[in-house]
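Two complexes follow with chain A in common, the first pairing it with chain B and the second with chain C.
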Partner chain A sequence: MTTATAIEWKLFADLAEHAGTRTVTLEIDPETDTVGDALDALLEDQPDLAERVLDGGELRSQINVLRNGADVRSQEDGLETQLEDGDELALFPPVSGG
Partner chain B sequence: MSDLRLDATQLDRYSRHVIMDEVGPEGQKRLLEGSVLVVGAGGLGSPAIQYLAAAGVGHLGIVDDDVVERSNLQRQIVHGDDDVGRPKVESAADYVHRLNPDVSVEIYETRLTPENVDELAGGYDVVLDASDNFATRYLLNDYCVLSGTALSHGAIYRFEGQVTTIPNREGSDGPCYRCIFPEAPEPGTVPDCATTGVLGVLPGTVGCIQATEVVKLLLEQGDVLEGRLLLYDAMDMSFETVELQHNPNCPVCGDQPAIDSVGDVSYEHTCTIDAD
Partner chain C sequence: MYVLGVTDSGAGDAPLERAADMIVDRLSRAGRVGVLRYDATIADGTADLRASGLTPGGDVTYALGADGDWSATGTERSIEDVLESLALECSYAVVVGHELPSYPSVVVGDRRDDDLSDSVITAVQNPGELDIEAVVSDLEATEPYETLDSLVAQIKRSPAAERAGAIATFTGRVRAKDDEDDPRTKYLEFEKYEGVADERMAALEAELEAREGVYGVLLYHRTGIVADGDDIVHVVVLAGHRTEAFRTVEDGINRLKDEVPLFKKEITVDDEFWVHESSE
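Our next item is the complex of A and B:
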């Protein structure tokens, strides 16, 4: 039996403006879904955000993905990282203002 | 360490430092003998310069090629209304001289380039990145990694700030800025403060955190934000610390770095190596 549960995306800096919101809650299946699946779901209805963070369908190297505060690229299995119920995901870009 | 002694005026001025075990007269001497290059005398540079000068960091370098505009004064608190039209480096240096005669200031009214970065930044103990553009930020990161110079990174966007510290100590394996962000966004992708606006007090918080880190580096006390990126959100009033690791594929500090000189890099675009 699979149970849909919720995860939350938090978007930092200009990514929030591209999405028109700072947080997005999504239903996921913790049995099968990965961070990459949650990213696909986030970008599905967000063409502006998708254009900002993707380059040729791949996540731009400067866009970092966090799961519960850990960088999934260096600390976990990247976009293949398995999701768990209640995960907080975040996308953050570099900013340059001073 | 030289035989620099604190005189009676200094013992008075720095008494709240000297009384603490973590600083003491020895630590205060370290600060007075310390040198910091602040790149940018704007939103982040203003509070950083103020607190570093007040703390008695003895040698400050300030780099900026801009003049003070009235629209800067909402956040760039080292400058006053009378300074509009003056070079920012001069206005900032005047502030330091009024605040603390112990501090010598070297001003550089220029833009940092791959050609002048060594001449300007060479010899400073710490570089504090308070610049407002990716070209300067990547240049400073690469220069500091390659020269083994400690770097404080701070950057802001509307209501948010990012801070990290890259000590670049010999044998340290912490990440550099490029480990986190291997290349800069395409120019025009991330709008600047003039376009998006910025909460005036935001750089105050972020610049003060940078000054705190620099003072700790000079004192060799405490734990700096090495391998950690602090994300500050003024709207939520939340601080999130993200653990980051050295990237073995990093173009400047990885196992087989493609960049071995700042001259290799084209900093005008995405801060990557020239195709030719």
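Our next item is the complex of A and C:
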């Protein structure tokens, strides 16, 4: 039996401006859904944001995706990373502190 | 050092003082507290001492007691100047009677809630309504006030300082122009990934402190609006010798800029843009 549960996307810098919001909550199925599925669901309703972060349907290499603070590319299984209930996902451009 | 304003919104002097006293008493149990009382009627800084029979004759006058107690008067000090000096030795500063839009504050009086700015932690009709514990935890969730000097003072108090023959620092600040012909930068605005940025800075500090001969590392980065000429970021390293001090300062600022989720928007006289967009 599967139950729908929720994850939250946090958007930063110009990505939040493209989306017109800083946070988006999505229902997911933790049995099957991956970070990539959550990204598709986020971008489905956000054409401006999709154009900003995708290049030929692929996520641009400069755009960072974090799951609960961990970089999904270098520390997890990339967009194939399995989601868990209550995950916090973050999407942001290259960092520019200092 | 955490800075808290306590301001009057129609309550009058006595309730304002009582609220400030309650807050200062509570903070004093957690650390050294500096109190700045703003009083626009102070017109001649040395008048107080003259009234008590002294003729100080200086622009800054300290009266010192045998056990280290003191009082002082003087001229030409701003609120910012006082905060800078309090930050060297205090964990908290309470500013009574003057609005500080860029710092958290407690408002005492009956002004309606919808008039209040975002930096107001709580607004109460009278001091009896104050939830002091909530004020303290909200205050400690705000960004602390630090300067290069306060961070150096802090690292010198470290127990490991007796083995350290070197302190190296880096300060990043807002430059108005890169080239002579550039439009002037008015300010930068930094957005932070709350939680994750702090975790990464703490992990970076711990990693650098684990190096041989490095005894302490402090990383500090401001968020929000930082004006032209103001400091943005400090890296302070306490080390046995200069070589590891210099190397660790350089690695610290480079890794902070590469790894910590902070985002910089630049506002010039002509334009505004996210800085990462100009380099992608």
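A few remarks follow.
One rule holds for everything that comes next: the second predicted complex is superposed on the first by the 94 of 98 C-alpha atoms of A that agree within 3 Å, B and C clash if a C-alpha of one lies under 4 Å from a C-alpha of the other, contacts with A are read in each partner's own complex, and residues count from 1 in each chain.
Following the convention adopted for this analysis, a residue touches a chain if its C-beta (ideal position, glycine included) is under 8 Å from a C-beta of that chain, and two chains touch if they have at least 3 such contacts.
Keep in mind it's a predicted model, so treat the numbers as computed, not measured.
A count of residues in chain A touched by chain B and by chain C gives the higher number to B.
In the superposition on chain A, contact of A:Gln62 is made with both chain B and chain C. Of the two partner chains, both chain B and chain C are touched by A:Ser96.
Of the two partner chains placed by the overlay, neither chain B nor chain C lies in contact with A:Thr21.
Within the superposed three-chain model, A:Thr32 lies out of touch with both chain B and chain C [touch as defined at top]. Residues 12-14, 62, 64, 66, 69, 90, 92-98 of chain A contact both chain B in one complex and chain C in the other. By the touch criterion stated above, chain B contacts chain A in their complex at residues 40, 42-45, 129-134, 137, 154-158, 160, 162, 180-185, 189-193, 196, 198, 203, 231, 233, 240-245, 247.
Listing the residues of chain C that touch chain A in their complex gives 172, 190-191, 193, 195-196, 199-200, 221, 232-233, 253, 256-265, 274-277, 279-280.
By the touch rule above, chain A contacts chain B in their complex via residues 12-14, 17, 52, 60-62, 64, 66, 69-71, 74-75, 90, 92-98. Of all residues in chain A, only 10, 12-14, 62, 64, 66, 69, 90, 92-98 touch chain C in the complex they form.
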